[in-house]
Structures are given as C-alpha cells and as structure tokens.
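Next, two complexes with subunit A in common: one pairs it with subunit B, the other with subunit C.
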Partner chain A sequence: MKKRLLALVMAGALTLGLLAGCGNDGGGKTGGETSPSPSASTPASPSASTPAEPSAPVEPSAPVEPSSAASGTFKIGGVGPLTGDAAIYGQAAMNGAQIAVDEINALGGAVQFEFKPEDDVADGETSVNAYNNLMDWGMQALVGPVTTGAAISVSAKLYEERVFGLTPSASSTDVISGKDNVYQVCFTDPNQGVASADYISENLAGSKVAVIYRNDDAYSQGIRDTFVKQAESKGLEVVYEGTFTKDTQTDFSVQLTGAQSAGATVLFLPIYYQPASVILNQANQMGYAPTFFGVDGMDGILTMEGFDTSLAEGVMLLTPFSADAEDAQTQSFVAKYQEKHGETPNQFAADGYDAVYIIYAALNAAGCTGDMSAEEICEALVGVMTSISVDGLTGQGMTWSATGEVSKAPRAVVIKDGVYVTP
Partner chain B sequence: MEFLSYLISGISLGSVYAIIALGYTMVYGIAKMLNFAHGDVIMVGGYISFCAVSYLGLPGWLSVLLAMAVCTVLGVVIEGLAYRPLRQATSLAVLITAIGVSYFLQNAALLIWGASPKGYTPVVSGQLPLFGGRLTISYVTLLTVGACIVIMIALTLFTGKTKMGKAMRACSENKAAAQLMGINVNRTISLTFAIGSALAAVAGVLLCSFSTSLMPTTGSMPGIKAFTAAVFGGIGSIPGAFLGGILLGIIESLAKAYISTQLANAILFAVLIVVLLVKPSGLLGKYVPEKV
Partner chain C sequence: MKKNMGRLGRLKKTTKVDFATYLGVTAAFIVVSMLRDQGVLTRSLTGMLVPICCYIVMAVSLNLTVGILGELSLGHAGFMSVGAFTGVITAMSLQSAIPFAPVRLAVAMIVGALFAGVAGLIVGVPVLRLRGDYLAIVTLAFGEIIKELINCLLVGYDAKGLHIAFNISGSLTIDDLNMAEGGIAIIKGAQGATGTTTIASFGAGFVLIMLSLVIILNLVRSRSGRAIMALRDNRIAAESVGINITKYKLMAFITSAALAGAAGALYGLNYSNLAASKFDFNTSILVLVYVVLGGLGNIWGSIIAAAVLYILPEALREFSDYRMLVYAIVLILVMLATNNPTIKGLFARLREKLTRGRKAEAKGGGR
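Moving on, here comes the complex of A and B:
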C-alpha cells in the first residue's frame, strides 16, 4: 500500500504544481509599509527652486551640455531580470541605463545621478520586493521594470505611492493604463500588433498568416489580439493559430505541423527570442520555410550563444533600434557598450539608455532639485512629460501622451548575413 | 498525413521521456529512492556536450561520449556524497536531499554558464521525406527512437543476464540479504547511479537536439514528465518506463494537436491519475503487498 500512496501523493503534488504555475501574474500583494521618501531635511517647495519656468516644449536632445534647469544628485533605481530566463533583457536594459548615467555624470553638470539596479527575475512579487528595497535606499525615480508581468505589479505600487516610473521595455497597455505617473520608452503591444499587420498586408500581400503565441503571457497575448483584429480589417488571412505556455515552450512540432498543413506562408511570432530560436530550429528540421515575422521580443536572437544565425536568415522583425544605424549617437553608444560589455547592444540596452535621458530631460524641464522627495519629483515630472520631446537611440522626437504611451515610428528590419538591414 | 506527423512527433518526444524515465526507474528499482536530481544531470550533460562542440570544436558524437563520462562521474560523486550517508535514513530524508541536490546543480549551472539561454546545434540535422515529401521525419527523431530502443534492450539484457545485473536485482529485493550473500551493496548502487547518469547524458544530448535551447532549468520539466512516465509504466520496471515514456509523448502531442495546447499538461497528469486509480502499480508494475 505504501507504494500506491506514494504514487498518488506524487501525482497529486505534480498536478497541483501545474495548476499553481498558471496564475503567476498579478502578484503585488506584498505587504509592508515602505518609507515614502528619503525626506530631505529642508523640504524645498518645487516652485521656489525652479529658476525659469519652461514655457515651450524644451528640446534637450540627449547628450548635450546640461541646461542646468535641474540640480542636485538624484537617486534613480532600476528593476529588471538580471538572472533567470529573461536575464538578457534586464541585463541589457540596466547596462544601457548605466552607460547613460555615466555619461550624464561625466558631463559634470549640476545634475548627477546615482543608479542602483535590482534583480526581479521577471517575476511580479519579486519585482515589488525589489522596488521596496529601492525605496528604502531612497530612490526618487524608477527605470523599470523591464518585463511586462513584473511591470504590471510594480506600476500599481508606483501609482499608489506616487513615484515616477518609466519602463524601458514593458510594452503592455496594462502597465500604464489608469496610472498617470507611469510612462513607456517602448511601443505598446497594440501598436506593435497593428504595425505588424499593416506591414505584412502592404509588403507581403496575399500571404496566408499563421500565428504562434504564448497565451499565458500578457505581452504575447496582447500583441496577438491586436494583430488578429488589424489583420481582419486589412483583409489579411490568418489560417492557423497555435499557442504554447511557459511549460511547453520547448516543443513546437505540433504547432509547426499545424501551420504547415494550413498552408501558411508567413509565420507571425509575437514571442521572445528564446522560444523563437527553438521554432526556427524545429521548422528547419521539418523542412518548413515560411517567412518568419517577429516583434521586439525577437531582438536578441542573433546574440544568443550557440545559435546558428544562418537559421535566422530572412527573418523579419519590428524593432526601433538597430546597432548598425549610421548616426553618431548610435555609433558612440554601440562603441561604449562593446567596450564595456564585449557585445553588441540590443534594443533593450537602447531602451534603458533612452530611459535615463528621458528622465534627465524631464527633470530639467521641470526644474527639479536633488533634495525633493520622490513624490514631489513625481508630480513635477508628470506635469512636463506630455510637453517634452526627446531624441533618443530608439526614435527621434519621442513624445508622450497623458496615458504614458510613447509616440515614435516603428520600422521593420530583415536579417541578412547575421545583421539587421532595412528591407 | 497530419495525424501521422503528430504521432511521429509524439513518439520522438516520448522516446526522450523514455530514456530519462529509464534512468529514474533503474535508480528507484535498485536503490529504492526517487532521484529528483536526475533531470538536472540531464541539463549538465547538455551543457557538457554544448561546451565540447562550441568551445573545444569536437565533433558531435565525441561530445556525447564526453558528456557521458562527465555525467557518470557526477552521478557517482552525488551518490557518494549526498545519498550514501543517508542509506539508513527514512525515505523522506533522502527525497528532500535529492531535491536539494537538484537545486544545487541548477544554481551551479547558473554560476558556471550564466542565465542566458544557449543555442544547441543538433548532433544530426536534415530530414527524411516520405510519400513524395508529404510527410517528413527528421533524423533527430530517428536517432532518438533508435537510441531509446537500443538502450531499453541493452538494459533489459544487462539486468537479466549478467552477474552485475543479478547483483542489482538482489539488492532491489533485499539489501541486507544481498549483503549476506557477498554482494557489495554500496558498489552495486554506485554502479546503478553511474549507468543512470550516463543515460541522463544521452538523454540530455537528444533533448537538446530536439528542443535546441539550453538553460539551467532545461532539465526540470522533462525530468518531472519522465518521472510521471516512470510511474505511469510502473516504477522499477524497465519495459514499463519505455512504454510509459512513449505513451506520454503520444498523449501530449495528440492532446496539443486536437484538444488544447494549454491543457496538454493537465490532460497528461489526469491520465496518470486515472491509470494509478485503476492500476496502482502502473501499467507494467508488479503489485507487491506490504509484508507485516
């Protein structure tokens, strides 16, 4: 009987574990009162220390000498996955942010930054803990979280405690909706889905599209939803939809067979690059070669260690940043990043870099000082975000709507000989 | 034709589960313990093979041998350091230790190889077109199924026909009595772990050839499913592990194709529960009444 009992208990435990694994979003119920601010000894009122009220939208166009509207040392926190499955995104974003911080500090202007990244393993609850740690440290504004699920949890805290948040790459509208103090550097998911459908229907006319997406992930599901809706209105035929989850992202033979037998000529992959690399490999083994079309999560596939880049030949993706761009700003960033980290920066690094400059521009526009509390800075920045325009690595003339959504032009690139080129 | 390709991918996946399950079942059958670190030894095998190919430039087949050698040593060391001191302890203590070893291996891999996934190049590539290209079978699938059958037969012969195999079966029946008969129980169990870990290395290479991406957590989900397969087929039984693995792969693949990809795992475990309710010792397991 012992054996039977053991078997039953184990089976039960496995099934429970499986069920528990389904709802890991949301999080954010971590208790504990965080100290609201580092509280400077002399709480300067924002208006008193503002020398000149910027009347028109200022154009601080990233790395120029400080316009010295703001002054003091600001504590900027960073939250992103530095370990775990999504580490490549978090590490890149935090490395990019660090480079921007170093650049700004090296200018020797009135504004100096202290930057502290914290690891959240791309998990909602861990992310809230990381945020609480940063608040204890005295954070005045946040760059992060990097991934959507974690950002949804933390943005609720940011809103509640009135701390300014700018996420480099969490692209779901759930991150910003209803929160006036949370902004994005990257496109929103709807934006990516719509842009992809538009691009495919214009440039790959008459193609039959299959979608493989991860339906336990807000990012993937969000892009898929708007893509399918836009495809329908554009008359683009979606012939097959396959799904997968975190636990089943190692085997796509079933979905690929489905797409192949439905006659799909374009395979839309609104997913991260790691499962995408498995899809490319397995499609190759099956001898199935449609046009693969990815979004920003596909970025990073070329730098994946051991990945045979010839498999990615001809893959198209939407990305706001290409390390091969000719402009001086990109070139200098890429050179610095390569020198420091020994690899070519991806889009997430550029997003992190831009995030710091956007905060810098906003602080200047609002004339904040380093002794203001996180809450005061938050209100000041919210006041100017809709009126500033920043030229960054991921777009020229980025502007923000009051909802926190960025406006910049997405562009498609195609992978040729292991690099991104404009088709 | 579609059904056939779903079936083939199921058999291919199932063969990987079966090889892992053979390792589980060997160790359970002989040492009477659930080695939850087995899945992580698979991951180590995958990484060793990856490093041999990417950094040392060795050919694929040699990397498999190297992975087997490293994993064999690893398995014996784990057994000697972590499990042997607990030989007389309760089975619960050993189980917890095994989970601890599993976490240790995962975190060690995280330290050594980092968190970002590595792309594994399959040991063989290409596919075999059948029926004028309407059905294709990749060589990885053929290799996996072939390796699985060979390993199953070899293990059955080894435990049935050789002296060492007899010693293993004796230990499995009664350790104390086996010792009285002059069998070195510790050595026999070490050998079992060596064989199980070498199998894990082969499974690691095949698993990575199939799913091509390698992370410190690569082994855990296949490990759990293979354990399910072993229980499904009757834990302790070698043909049972084989049958359980293949059936599990087919159920998973067909459930994904015709019912729902999200529910595939739930369906899998539901089938396991039903089988265990009807046949508590698994499909091919022997029902051993507890002696009082």
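Moving on, here comes the complex of A and C:
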C-alpha cells in the first residue's frame, strides 16, 4: 500500500513537473472558461483608402481640441497567454502590438513606447500576477488581457487602481461593464450575435436557420443567446439547435442529421474553427450543403493544417480582419509580420496592432507626457476616448462609447477560391 | 531563567515543533505586513499574498489526508471549488444584510467550509470503507464532476432571494432566472462567477492559516490523531486493537475537505472572476506537489513549500519562456535534495554532532 502510494505520488509529481512547469498552467485544457473569446469584432472594411505610410493609420481625425500632442516615453504593458493552450491568441496579439510599437518608435516622433508583454496562460490568477508585475515595472497603460476570463479579473484591478486598459480581444461585456477606464478593440459577444442575425435576415431572407454551438463555452453560448433572441425579433426562423461540449466535438452526425431533417438552409456556427472543420467535413460526406455562417472564431480555418480548404468554399463569416485585403495598410502589416514571425497574421495580431495605435491616438489627443503617472494618464485618456476616431486594420473610423464598447461597421466575408471576398 | 529553560527542554519534540510553526507563521505575518505598510514590498508580491495563504491552507489540509491519513486524494481542488463557489454566492447575497466586509468574508468562509465538508462526507462515506487506492480514483472523478456541475449552474440574487437554475440542456440563460429589477447574476454557467466584489484580505488569510494549523496540529496530537496514524502505519494492527477505521478516516478526510473549502472561499473572493475550470486536475496536482516536496506528514514543510513554489514561477518571469524549464529543474533539484541518501546522511550527521556537542556542554555545565 505504502509503496504503491509512493509510486503514485511520484508519478503525479513528475506529471506536474511537466504541467506545472508552465507556472500553474490553468490553461485552456478544461475548455470553456478560458475561452479565448476571439475578438468579437465584426468585419471591418479592410478595403479602405488608407495612406500607404503604415504608421499613418491612426490619425485622431477627431473633434478633439487641438491639444498639444503627447511627448515622452510611455511604458505600455501587455498581458496575454504566451504559453499554454491559448498561446496562439496571446502571441499573435502581442506580436501585433510589438510591430505597432516598433513602427511608432521608428517614426522618431516625440512619443516613444516601451512595450513589455507578460504571460498569463489565460488564467485569471496568473493574469493578476502578471499585471502586478507590470505595475512594478512602471506600466502606464495596458494592452490586454487577451482572453475573456483573465480580462475580467484584471479589469476589476484596473478600475480599482485607475489604470487605463484596452483589451484587444476579450469580447465579453463583463470585461467593460461598470468600468469607465477599460475599453475594447473588438466587438462584444452580444454584438456579434446580433450582427449575424441582422446579416442573415437581410441578405439570406426567408432562410431556415439551424444553430450548432458549444454549450460549455462562454463565447459560443453568449453569441448563440443573443443570436436567437435577435433572430426572433427579426422574424428569422430557427428550426434546429444542436449542442456539443468539449468532449463531444469530434462527431457531429447527430446534429447535422437533425439540422438536415429540420430543413435548415443556413447553418449558423458560433464556434471555433477546429470543430467547424469537422462539421464541414461531415456535412460534405452526408451530401448536406446549407450555407454555413460563422463568426470570428471561424477565422483561421483556411490556415488549419490538414484541412481541405475546398470544403470551406462558400462559407460566410464575420471577421474583422483579412490578411488578403488589398489595402496598403493591411499589406504592409502582413508583410512585416511575415518577415518577423514567418506566418500570416490572424485577427488577434491585427487587434493587438490596433490597440497600440488607439492608445497612441488617445495619448496624442489628450496631450499626455511621459512623466505622468498611470493614474493621471488614465483620467486623461478616459476624457478623450469617447471623442477620438481611429482607422485601424480591424475597422475604419472606430469610435468608443463611454461604456468601453467599440463601434465599427460589421461586415461579412465569403470564402471563395481559398480567400476571403466581400460578398 | 534556568527553570524556564528546563520546562522548555521537558516539552516533547513534537510540541516544540508545533509551537515553532505557530511562531514562525505569526512572525512571517508581522514582518510581511510591516514591509507592506512601509511600501517595501513590490506590488507583485503584495498581490500574491492572499493566493499564497489559500495555497498554504490547501497544502496543509491535503497533508492531513495524504501525509497523516495515508490516503491519496487527487481531487483536493474539487473541494476548493465547492468552497469557492458557495462562498462567493454567500458573500454576494449577503452584501446588503452584512455590510461589514470582514464579517461577510468570515461567514462566506464558514459556509464554504460547511459545504465542502458535506461534499467530503458524500465522497468519503462509501469510498473510505474500501482498501486500496480507490480514494485517489474517486476524488479524481469528483474533481471533474464538480467542474462540470458548476459549468451548468446559474445563480442570481434579487430582493426575493436566491434564484438557482440548473442548465443541463444548455439552452437556459441568466434571463431565465426571472430575477426582479436590480437582481445580480452571481454564477453564469461556463463563465463562472463574474463581477464578484473582492473582499479577501491578507489578514483573513493569516487567521485562516492559524485556524487550520490549530485544528490540524491538535487533531494529529490527540488520541484521534494517534488512531489515524496507526491506521496509516498498519491497518490490521490498528483494527485488531479496536480502532474504528471508517470513523477515523472520515474524521481526517472531512476536516481536510472543510479546510480546503474555507481556503476556496477566500480564494474566490480575491478575484472578480472565477471559472470552474480553474479547479481542475492540474490544480489538485499542484497542491499535491507542495505537500510532497514539503514532506509527507510535515506540516511546516507544506507551508514553506507552498509559499516558495507559488512565488517561484512569478519570480522567474525574468526568464520569460524559459521560466517553465527553470521551474521544472528547481522542482527536480528539490526532490533530489530532500530524498538523496547522501545529502540526508550529511544532515543527519550534522544534527548528531550538534546534539552531542550540546549534551557534552550540558554535562560540562552540570559539573
């Protein structure tokens, strides 16, 4: 008994050596909550007429008083999962932010940024630790956290301690509600559900909709809730709803058969691209071909390894950013990102990039100086956030309400010949 | 003076160690509080104080099950989860009834401990009657079950009281609770508890550590504690002298679960967002590692291991991505250092020399 116990304990400890090696890896392993709720943004028109100069995108074309532009060196912190299951999101956002910082510093203007990303493994507890660590470093404004659960924990601290926070991609309303100094670059989950329902009822009128969503995931559940509510008020007919969980996301034949026999012509998938790829594959085998409609979680399906992109032909999705967009601003960003990191940036990278430019624009509008404390900068930025307008990769003319929600035009794209095209 | 020394000398070794533990924890608390008040402590350390307290209580209470009772529990985080969520519900719904935060925190911790204790009873009664490693398997499953259950839980509070819905189909939302105007959503299914008012404090953490130390050390040194350890060392012999196995096993296991619940409540009230997935298998193993590295059955070892191993990954942030590697290496080194016979022998010889020297001195003084 004792020997066996010891053996078990040792085995457990060794396992931990691997697991906890990642610093209380609370990681997404367990699904739901870590929900790296991807930026809930709706597509922004990347086909914009932005100047070729990559650093020009952010011009506070706002009715802000022509206050003296900001000057000095600002310390910007970043918090996101750089390791663990959700690392792909955090790394992209932080890489994007770093590119924006480098661009601004290369301008040689009065404003210089110091940027320090910290890892939070998408866990609230570690995220607060990372935030405190950055405060020790002397952070004056925060880009992050990237994931929703972590962002809710940190935003409470931000509010308490009056530090300005701008999250690239934490899309839940809980992140910003009741906090006047926390803003989002991405759309909120509810907005995404509403925008999807609006889009389908306007452009695919008279269609019968089936929804397949993951009910142990806050992101998926949140979009589904608002989608169904909005669909009802728009007179859109939802004929079938199928659910799955983290453990059952490898087989969807039951849900697909249900949707097919209910006569659904549009299949709404507020889920991530990994399970969506399985759905597309199985629907193809069944010979069931409705219009697939995804949200930003679908972004990434074209670059997924081992996935036949011809299956995604005709899939519609709401996404804020497309690396294939033709405008100079996107092109220049994608080129830089590929050169530096050897891969095509996803929307998180674009969100992170935009976040830095938004802070840059706000600092300029408020005329902050580098020697101001985090608290002073926070109050100054809160004063101008509602009046600035920023043209970024994820949206033209982004403006913010006092609640912290972004307002930008939602837009859908359709996949054609392996790239996103505006329908 | 000499008399006092004599009395101290006459105390049993275990009693001395116990008092040293109390004293050490109190001293650490006073020093850290003073440093914090003077602003010497970095913010990153200040922010870690409450979670460290929680993990210390977790480690100490798990040590009761693993080290002293000798049963392996792999679901200690499950009890923490029960305590955390019941504690959050209690604190949030008593907001107007008990406006004074420390009292509300205490009530929340008591409720958390009670519920976790009941969960411990439910798990323990059938399992602790069995021989073998069943407890490990069942507690492992328990942790996962609790996580899934809380993922389905919707809880809100309004003027009429608590509204609870169990969202098995996945189609319910917080609106289905039909709360009156001004109601607050406390637990939102997979999102967990969001918007919690954070009332946890380092002082409360210290009180909780002291309480768990008093409870556990007194239990261990009592008649019941000796029965529990007899069970661990030789079950058949213990049974033959008439020790009621299930009773004593349950006593240790439920105490351990209840303390984990209180720690969970403190933890839950330290963060404005708390999802059930936080308390997964990894967290259970993390606490188990604190216990193993601190030494099975060694209470003060657990305290030190929990504090050091919690700070370590944060202190290693300098190394950025390599910190996991460094952390793993440190774990292996500590394991080696505490279990290596050569090093152990070295320590034993040192101690022997010291005690012999002291004895000789005492003899010399006597003449």
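Before moving on, here are some points about what is shown:
Definition applied: the second predicted complex is superposed on the first by the 337 of 423 C-alpha atoms of A that agree within 3 Å, B and C clash if a C-alpha of one lies under 4 Å from a C-alpha of the other, contacts with A are read in each partner's own complex, and residues count from 1 in each chain.
Here, a residue touches a chain if its C-beta (ideal position, glycine included) is under 8 Å from a C-beta of that chain, and two chains touch if they have at least 3 such contacts.
A quick note: this is a predicted structure, and the numbers were derived from the prediction, not measured.
Contacts of A:216 after superposition: both subunit B and subunit C are touched.
After overlaying the two complexes on the shared chain, residue contacts for A:156 are found with subunit C alone; subunit B is out of touch. When both complexes are overlaid on chain A, the residue A:326 reaches neither subunit B nor subunit C.
In the superposition on chain A, A:255 makes contact with subunit B only, not with subunit C. Judged by the touch definition given at the top, the superposed model places A:287 against subunit B, while subunit C stays out of reach. In the superposed model, A:339 makes contact with neither subunit B nor subunit C. Using the contact criterion defined above for the overlaid structures, shared-chain residue A:417 touches neither subunit B nor subunit C, since it reaches no partner. Touch counts on subunit A: comparing subunit C and subunit B, the chain ahead is C.
With both structures placed on the common chain, the touch criterion links A:124 to subunit C but leaves subunit B unconnected. Of the two partner chains placed by the overlay, subunit B and subunit C both lie in contact with A:83. Residues 1-2, 4, 8, 10, 12, 15, 18-19, 83, 215-216, 243 of subunit A touch subunit B in one complex and subunit C in the other. Interface of subunit A with subunit C (complex): residues 1-2, 4-5, 8-10, 12-13, 15-27, 29-35, 82-83, 118-119, 123-125, 128-133, 135-136, 148-150, 152-153, 155-156, 172, 174, 177-178, 215-218, 221-222, 225, 241, 243.
Residues 1-2, 5-6, 9, 12-13, 34, 50, 54, 110, 114-122, 125-127, 129, 133, 136, 138, 140, 210-215, 217-218, 221-222, 224, 227-228, 231, 235, 253, 256-257, 261-262, 264-266, 269-270, 272-273, 276, 280-282, 288, 290 of subunit B touch subunit A in their complex. By the touch criterion stated above, subunit C contacts subunit A in their complex at residues 42-44, 46-48, 51, 66, 70, 72, 74, 131-133, 136, 147-148, 151, 169-171, 173, 188-192, 194-195, 198, 235, 271-278, 280, 282-283, 285-286, 288-289, 292-293, 296, 313-314, 316-317, 320-321, 323-325, 327-328, 331-332, 335. Within the complex formed with subunit B, the residues of subunit A that make contact are 1-4, 7-8, 10-12, 14-15, 18-19, 83-85, 87-88, 91, 215-216, 242-245, 247-248, 250-251, 253-255, 257-258, 261, 274-275, 277-278, 281-282, 284-287, 304-308.
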